[in-house]
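Chains here go by letter, A, B, C and D, matching the order in which they are written, and residues are numbered from 1 within each.
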Amino acid sequence: MIKAGIIGSTGYAGGELARLLLQRDDVEIIWYGSKSYVDQKYASVYQNMYKIVDDSCLDDNIEVLAEKADVIFTATPQGYLASLLNDTILSKTKVIDLSADYRIKDVAVYESWYKMVHKTPQYIEEAVYGLPELNREKIKDARLIANPGCYPTCSILSIYPLIKEGLVDPLSIIIDAKSGTSGAGRGAKTDNLYCEVNENIKAYGVGVHRHIPEIEEQLSYGSNNPVTISFTPHLVPMNRGILVTAYGTLKKEVSSEEIKAIYDKYYKDEYFVRVLKDDITPQTKWVEGSNFVDVNAIVDKRTNRVVMMGAMDNLVKGAAGQAVQNMNLLFGLPEQKGLKLVPMFP
Amino acid sequence: MIKAGIIGSTGYAGGELARLLLQRDDVEIIWYGSKSYVDQKYASVYQNMYKIVDDSCLDDNIEVLAEKADVIFTATPQGYLASLLNDTILSKTKVIDLSADYRIKDVAVYESWYKMVHKTPQYIEEAVYGLPELNREKIKDARLIANPGCYPTCSILSIYPLIKEGLVDPLSIIIDAKSGTSGAGRGAKTDNLYCEVNENIKAYGVGVHRHIPEIEEQLSYGSNNPVTISFTPHLVPMNRGILVTAYGTLKKEVSSEEIKAIYDKYYKDEYFVRVLKDDITPQTKWVEGSNFVDVNAIVDKRTNRVVMMGAMDNLVKGAAGQAVQNMNLLFGLPEQKGLKLVPMFP
Amino acid sequence: MIKAGIIGSTGYAGGELARLLLQRDDVEIIWYGSKSYVDQKYASVYQNMYKIVDDSCLDDNIEVLAEKADVIFTATPQGYLASLLNDTILSKTKVIDLSADYRIKDVAVYESWYKMVHKTPQYIEEAVYGLPELNREKIKDARLIANPGCYPTCSILSIYPLIKEGLVDPLSIIIDAKSGTSGAGRGAKTDNLYCEVNENIKAYGVGVHRHIPEIEEQLSYGSNNPVTISFTPHLVPMNRGILVTAYGTLKKEVSSEEIKAIYDKYYKDEYFVRVLKDDITPQTKWVEGSNFVDVNAIVDKRTNRVVMMGAMDNLVKGAAGQAVQNMNLLFGLPEQKGLKLVPMFP
Amino acid sequence: MIKAGIIGSTGYAGGELARLLLQRDDVEIIWYGSKSYVDQKYASVYQNMYKIVDDSCLDDNIEVLAEKADVIFTATPQGYLASLLNDTILSKTKVIDLSADYRIKDVAVYESWYKMVHKTPQYIEEAVYGLPELNREKIKDARLIANPGCYPTCSILSIYPLIKEGLVDPLSIIIDAKSGTSGAGRGAKTDNLYCEVNENIKAYGVGVHRHIPEIEEQLSYGSNNPVTISFTPHLVPMNRGILVTAYGTLKKEVSSEEIKAIYDKYYKDEYFVRVLKDDITPQTKWVEGSNFVDVNAIVDKRTNRVVMMGAMDNLVKGAAGQAVQNMNLLFGLPEQKGLKLVPMFP
């Protein structure tokens, strides 16, 4: 039995982690950590858990938790884990961090985009970027996993094959991303009220969103050249789901069939990445509640561009599901264990 | 391995049956029956199933299917199964009917409300009304299960304890029900277009909805007196979920605590019925994707009435999940097998 | 030119008042009052007003405003106006109060339901309940209008004809009401976040909602007997709209045609109340953005009950539109002036 | 009194035309044309019009209508008007065509993208592209107005100033557009059912959408160079609204302030185009129900690109509102007449 603790269990990503882990018989959640709800029943914070979870929320004392847990998930604000992590913790437990603290290798880049000083840069080198489709082997031996961001997961998986194969100009990529509102978290803000989001769509963080350096870094590894992207996220009136529509200039003439063959080459053994047939475009509803990413790419000969698309559930493959996928790898379990959820439609 | 066939697999209830059964390793779906999509890939009808189901749709020949299947689910229009059922089929396989064909014991009542002649009334007597919380033992030995309607499931489970205990006047009950739009099916009708349903709520079928006699019959069994209800369904802009708000006149003074104790008495061992604490009101989102029904009742002393409330997912406990629960009972399996899904929130 | 001031202009009802008044050429808004946004541009609070309103928010000093305004609208929390109102204000300006401070004639009832001491009960007698369809003549001469609540407006107009005619048992009435989320206001609360409301429906305030005494008082005037109601409001995933489904026991046998004739008798000259034909049920989308209330009633012979339904836009006829209708009456203008908005569909 | 007829009045754009024209006292709708609902009450097709419109639908005989009407709006399928238009009609009445029949000057381009033969190409030259912000003077004297498409209106107004000023590379433009579902029309299709659209977002028509040549032609006029665009429309779960996010490579270094100054130069006298301040991004909800287009542009120095954004109501400025704006110009009326609707929020 794997003993798991969740620091930040009362946010949406934390709640989703609980949902996924509670459906397993080989994992026990021993710690529902929270800053705001200590001593309150977890099921009073998430009534969907009523009669499923009887625990009350504990504080976020990661040092105490490290004594007891085989794995700790931190679904916490930026900088939180970085301010606490130490050798003792890492010697006693595995840590899967859903924040961005250890995602970016260049600490200067991190500090510039996140506008904070990194308190424990000494662990950045060791941390493994937890995108199993790219880093499966490294993940297996890691102590510290930097679980990827939601937009980066969907963007990278949509674009990676063509950038890796050198088919797309690394300076041409434009990513227009659309996210459901759970990505904005459970904090009580006027901007996220039902009446403000419903029947509305907007762009935000144009050119300055903090997922930009994360996407650029990972794609640059694939390209062996610096990749610079334009990235615009949008808030969409739905609870879950991210859709990425990415545009890249083709470096040579290539047919749709060749493009498809490349995606198949990269993903044919990847359970969680589904390359759609023909010109079928990904839809977020087709992956809701599951760990799948649906991708496809369409060549636009008129403009010599390729449109690369991906859809996933931001709380599953974009956060909690991917964290569980990483946990499976860390513990030598089948990667799909507990994650073969069929998407819920409608 | 239980071999299961689904007639009507391309409607929303059929799709949900597939979703639930595909997550099990002891059931194999051997027949995706369809009227409109024969020979088309099932995953092209439900793209969420892509790379999960490779089968194509078969026709709806229940006689051929009965030769091969251990259990047949019929998620078909009213009158369809009634026009085909025969002894041969019932001798070879179990049948779980998600239509209303065998739910109502009085064939005259059926024919009056459904405005059609019942073709095989000889099987009505034998059919077991598949609400496990009321009829668990009978279900275990049945050949033919009449899987309850969505509104009836939620209404009966919300009201039954108080009617059974004789606390509520059987002629006083008013049920105001609200359903997500998946209850209206996948047929292409203007009334169910996104733009017509979104930002809108309406009542429909006032006083004439066909679930009325089904609810009245089952509550009358509990009451040992004829129960006559007012029932008004409403269409709500959401995909899934039914909320029942039922009003009954109390036959004697009773406290909220006593009411709660009665619900606990009936449901304390029922995994799928959650009696909420205090005055917490059920919310459909708290049960989405799961087989739970959340119920609660609040006494309104001023009016001498009790407000009985229930929330469930119309496609799960209201259709496919309940059918699987019945299948589990039919095959001597643990009743919760494959149904311990944690509700998805948000 | 009527000079109008709005205290509480930055809530949803205040914003709707601005929307309606800005479309008129005989009214000038001279005061956008606010507690939280003083000195900020009103159009930065409501970006839909950009380039339409250039004013900044002022404070909520009603005494200063009374010197300048011909009419003051107070869209403020309960008890606010009651704590400030005085003879000087009322001698200088008309006041249309969108809060509940002066709606209920029995101060003890008010204090019991609202759980606060009424600071200026001396104005309750004088205040006119601003439902023009019932109190048109009194409104014309008033200084202080108690603008009705959203649920009461829809409930009373749906039920009044039958209670007035003595056809419905005054102790039998059950009102099941459904509201869009704008009724919950613009305050930043977790419960009203998009992800908590979307794909969800729930009852709230069962038996204790503060609109109950208001509805009972007005219906009792019609009945000449005490009316006691069961009332359950529900939160629905849509921005605007209230649907009322009310149930009453008929005191004698009456046909649907007779019922319809009664509604026609009461409303045939009422521009804003539309009695729907046949068994057509009201839909909130059909009145969105307009001052209409659509009503209809269906007799259920089986149960000897009548189902009375009404739909309206909670921010228009349920708040700002009705306030403007009252303003028109107060100033001797045509009642429909500025309110002949065609509902927006879809 | 202007006598107006609407051919295709029962689609969403036709219904919106009725909504806008009914609020005027200088226009009379004399013809509610329909193919499917002849002799049925218009208010039974659009119940929001109940007690506002008493007319029944007439057929779509444009020749008869031309005898009576001062202006005819055709909100009809592609090719419909082109198959009927003749000199007699144009000699008797003004025609404002909401279809694409006369939008594209090069008939070969039209026939290639629309995959149909143009029946009356002789009128293409005469037809004026009815985007008042670009073609105001020509519109005033026209007989035949080609009312722009929804995506083109929003795209062109968002991009035009920078392409006209030569600041953006005409071959670099990528338009990622998002539309509410009313853009898909009122036809009963499974893809547009509530349950299929809700909680979902997808791209469609990637690289092949028929609005592409329309946008390219108009931008090319501005550029004096051929403009070739990538264009990807998306279906968003909301009724109304289009958001355009367009990306262009800057031909020289330019500051955000300079960019803003250019937009102000083009739009400072345009009532319906609102250039937002600072880095505020357009939101569709801020323009809902109105004829406004909100635009803004943000320079991304890292990538040397500019992100140009626009939001509007697809049924108003994207269809019916613009048609009314054109009608005003055709009849020498103030351009904003009947269109000074304040956006509805929330």
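Methods note: a residue touches a chain if its C-beta (ideal position, glycine included) is under 8 Å from a C-beta of that chain, and two chains touch if they have at least 3 such contacts.
Please read all numbers here as calculations on a predicted model, not as lab measurements.
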Interface composition of copies chain A and chain D: same or different, split at half: same
Most widely separated chain from chain B, with each centre as the mean of CA atoms: D
Separation of mean Cα positions, chain D and chain A [Å, integer]: 38
Computed distance of Cα centres, chain C from chain A, in Å: 46
For chain C paired with chain D, centre-to-centre distance based on mean C-alpha positions, whole Å: 36
Contacts with two or more other chains, residues of chain A listed in rising order: 12, 182, 195-196, 198-199, 237-240, 283, 285, 288, 346
Chain A-facing residues of chain C, complex: 12, 181-182, 186, 188-190, 192-199, 237-239
Parts of chain C lying in touch with chain B, wherever the complex brings them together: 171, 174, 176, 178, 180, 195-196, 198-204, 206-207, 228-230, 232, 234, 236-241, 243, 245, 247, 279, 281-285, 288, 298, 300, 302-303, 305, 307, 309, 311, 346
Residue ranges of chain D touching chain C (in the complex, touch as defined): 12, 15, 18-19, 22-23, 46-52, 182, 199, 239-240, 274, 276, 280, 283, 285-290, 294, 340-346
